[in-house]
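Below you'll find a set of structures to go through.
Here come two complexes built around chain A, the first alongside chain B, the second alongside chain C.
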Partner chain A sequence: MLQLNWFRTYGATYLDALGWTAVTALAASAGALVWGCALFLLRLTGGRWGARGVDAYVQAFRNTPVLLPIYLIYFGFPLIGLPWPAVVCGGLALVLQNGAYISEILRGSYQAIDRVQFDAAKSIGLGPWHTFRKITLPQVLVYSIPSLGNQVVLLLKDTSLLSAISVTELTMQAKLLTEQTGAAYEAFIVVAALYLVLVSGTEVFFRVAHRTVRWR
Partner chain B sequence: MNTPTLTLLLQAAGVSLLLALAAIAAGTVAAALLTALAFSRLRPLRFFYRLYVYVVRGTPLLVLALLIFYALPALDLRAGPYLAGVLVLTVYVAALFAEVFRGGVLAIPRPQWESAKSLGVPPGPLLRKIVGPLVLRYALPPYVNVCVMTVKATSVLSIISVWELTLASREIIERTLAVFTVLSVAGVLYFIMCLGIDRIGRRLERRLALRGFAGERV
Partner chain C sequence: MRSRHPGYVLAVLSILTVLVVVAEAGAADEKSRLDVVLERGKLIVVTMSTVPPFAFNDEKNQLVGFDVDLVRLLATALFKDPNKVEFVIVTAEGRWPAIESGRADIGVGGTTVYPDRALRVAFTRPFIDSGISVLVSKKSGIKSMQDLNQDRFTIANLNNPQMADRAKRFFPKTKVLTFDTPSAQFLAVRSGRANALQIDTPSADYFAAQSKDEFDVLPGLLGASQNNAIYFKPGDFKWWLWLDTAVAELRSGSWYPQYTEIYQKWFGKNPPPQKFYLQQ
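Here is the complex of A and B:
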């Protein structure tokens, strides 16, 4: 069933697609981290209405599939005069959803910080912004490394959904090759293996980061 | 939005829910069997479990779905998209449920095992009277999370032409261009389904709660 020749002929065509998947996942992860931090800050400092707003946002994204925001942005933005390329639309949808999850991860880690530190920050005259920047955020991010790793893995796998809006990443590539050659097994097994490599690599990266970046 | 469109979306939501429930039911049974493999005395079986979980969790659901979608006809199995869809979801959630169950078994405090052993409880009753009830309680919250995830995962099946809520929305959008209304309604329907499952799970948790549970006082 599996022909070695096949890999020799089409192996190279995967490289572009692999690049798209990797770049999209990286950019969206960075964006989601920033957006997640912003939502977390709003929850902490936005008063009761800020917290409620963030809560509603998180609940909305938690309880709906990612494909909905992907379609919403991809089909909806041209109608309001923003004809962005498909990768950007899909990437934005991934940022919006994963940002919601990341803000919840950060909130969980926030509980681990000793309250005394906030009193200390106040007593040395740090304002709310500096307390967040210098005291809260660094600790929260370090505590969150393992969960953030899980989230990035989920995001990485969700980039496959961008094939539904014609982004030529790995899954799209496998689809195209299947239609061209009729060799579904080969096309998808290679792609599955590439995803496994990417996912394992991400997991190793975060495990190493967790081990190196530690307090005390 | 007119009434026929809304009815269509409601029907499609029903299909999504049925797909999810079928996958949850089949996935739970498959996961119970997989969990048995995880604690098997035979090394190849434990290895198979780890490989299965690693592969399924390390590849996107869509890749799995397309592989099965394209591969089934090649195996001369002419399953409709619905059957293929449930099969894909089952394979996928079985791995997630199995990890949940395995975590539940590992969470059982050691004294429970030891006292069961010292009382000479045979394997059958051990599973039914001790391991089962404990795992049920430990695993319920993450189990419910996976159930909610399953409902959301059904949307991926739209790409392999299973007619459910996401595909229905996309079809209506392509005809009417009412992107925002249709997708908002679809979002609300998904939200209701997910929240409903979450609520049922919470209620079940409360009903199953035991006094002195979690190993403090037994």
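Here is the complex of A and C:
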């Protein structure tokens, strides 16, 4: 049976962990968005070899579980003289993988733009940079918002994997409390509820963002 | 959306009622686990696969170890067949829900008896002495527990509260990292993330013997000698009595020869004498 007073006793111990999960997810999402944009730009402007390089990178990260880069960076970087903290290593792995996904999302949105618009831009005398900034980028971003929202939700849930490299985020906190109190169901129900709150918040944010931007 | 049909609500309510009644009835006359195991014809055992020499995967990826052989002796006693065992592999914190939910009949795997642990699972009498040792990387140059107690050193813990308590007590100045598997603890020391780790003494000896040029075991134990035991769901007298009798017979009674055999196999020496007043 569930012990209701367990929640009263240990509820507050989740606050720090909640903070770690939220901050890691937020920072990694921002990083992944920047890195995804960079990859997308490189694919657009880098010529054939740039596109191939990006393609290889995307394939490599899309086809491996994110736990692998997490382990490789956390346990591998000290060997090459970079003993970065666990949360930085884990965050970097999340940025590298989700950046790959985001660059693909942006590419998909880019391909949805009608080619005629580029001819129209050229005919009114816009150069490549202005075409990109005024015509391409705004549309790509607006088209991408729902998919980006999904990606951020996935990233948020993947932060649970950082529990494997000693980051005391929500999942690790639940593991610690399970070991400490034996109340496995209670510990993980709280975590499930907190993830649900974080994910719902993220979804609402992206829905509002999409609605606000779409009608400009 | 279609309007809700009253029959639908009724159906859900009746299913819920049936579930509650069944659950209550199940709780009321629960059979002893011993009878369940005998009827099923095999023993389901929860264990970790990362605690050599107690329970670990060998080079053929088979689960082996002292605790595994001990469980096979139990299966021999139950079914006259050492192979009538199904192992459920979990991580450290997965042991307790596996027992609580009834997924496994018993658990083994380098599990230490603590009074606070005994509040949530029942233990047999101990089947082997253990203790906690500190394994350090040779590179660190740490030679004693006092050496380790400096803030330039980091120790890798497993995520149980006893590890945290010991770290605070024995080396309060040392930085602490917490992992969810022993393999991550070892990776941490190998990669230089940590300089030392806490682990059961037999495991420490095993790893140090495996890679002599990489690890040292610090002299002394962290605290007292400890007991490892079989754990299971509390409140089942028949099951407890059988398991405890079996362990007692292995350690000091009729099955001492079998116990000696597996002890020799994994530790290369004889177990503690069968009875202190008998000449060995």
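Keep in mind that, in the parts below, the second predicted complex is superposed on the first by the 200 of 216 C-alpha atoms of A that agree within 3 Å, B and C clash if a C-alpha of one lies under 4 Å from a C-alpha of the other, contacts with A are read in each partner's own complex, and residues count from 1 in each chain.
In the analysis below, contacts are C-beta pairs under 8 Å (C-beta built on N, C-alpha and C of every residue); 3 or more make two chains touch, one makes a residue touch a chain.
Not measured: the values here are computed from a predicted model.
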### Task
Based on the superposed arrangement, let me know which partner A:Tyr195 touches: chain B (first), chain C (second), both, or neither?
first
### Task
Using the touch definition from the top, say if A:Lys157 reaches chain B (first), chain C (second), both or neither.
first
### Query
Does chain B (first) or chain C (second) touch A:Leu79, or do both, or does neither?
both
### Message
In this superposition, which partner touches a larger number of chain A residues, chain B or chain C?
### Response
B
### Task
Once the structures are superposed on A, label A:Val140 by its partner contacts, choosing first (chain B), second (chain C), both or neither.
neither
### Query
Touching A:Ile165, do we find chain B (first), chain C (second), both, or neither?
second
#### Entry: Partner chain(s) touched by A:Thr178 [first = chain B, second = chain C, both, neither]
both
#### Entry: Touched partner set for A:Pro65, first chain B, second chain C, both or neither
first
### Task
Across the two complexes, find the residues of chain A that touch chain B and also touch chain C.
71, 75-76, 79, 163-164, 175, 178, 184-185
### Task
Sort out for me which residues of chain C touch chain A in the complex.
92-93, 96-97, 100, 117, 119-121, 159-161, 177-181, 184, 187-188, 190-193
### chain B residues within the chain A interface of the complex
54-55, 57-64, 66-67, 70-71, 74, 148, 152-156, 158-159, 166, 169-170, 173, 177, 179-180, 183, 186-187, 190-191, 194-195, 198
### Message
Going by the contact rule set out above, which residues of chain A touch chain B in the complex?
### Response
59-60, 62-68, 71-72, 75-76, 79, 157-161, 163-164, 171, 174-175, 178, 184-185, 188-189, 191-192, 195-196, 199-200
### Message
Help me check something: in the complex, which residues belonging to chain A touch chain C?
### Response
71, 74-76, 78-79, 83, 86, 163-166, 168, 172, 175-176, 178-180, 182, 184-185
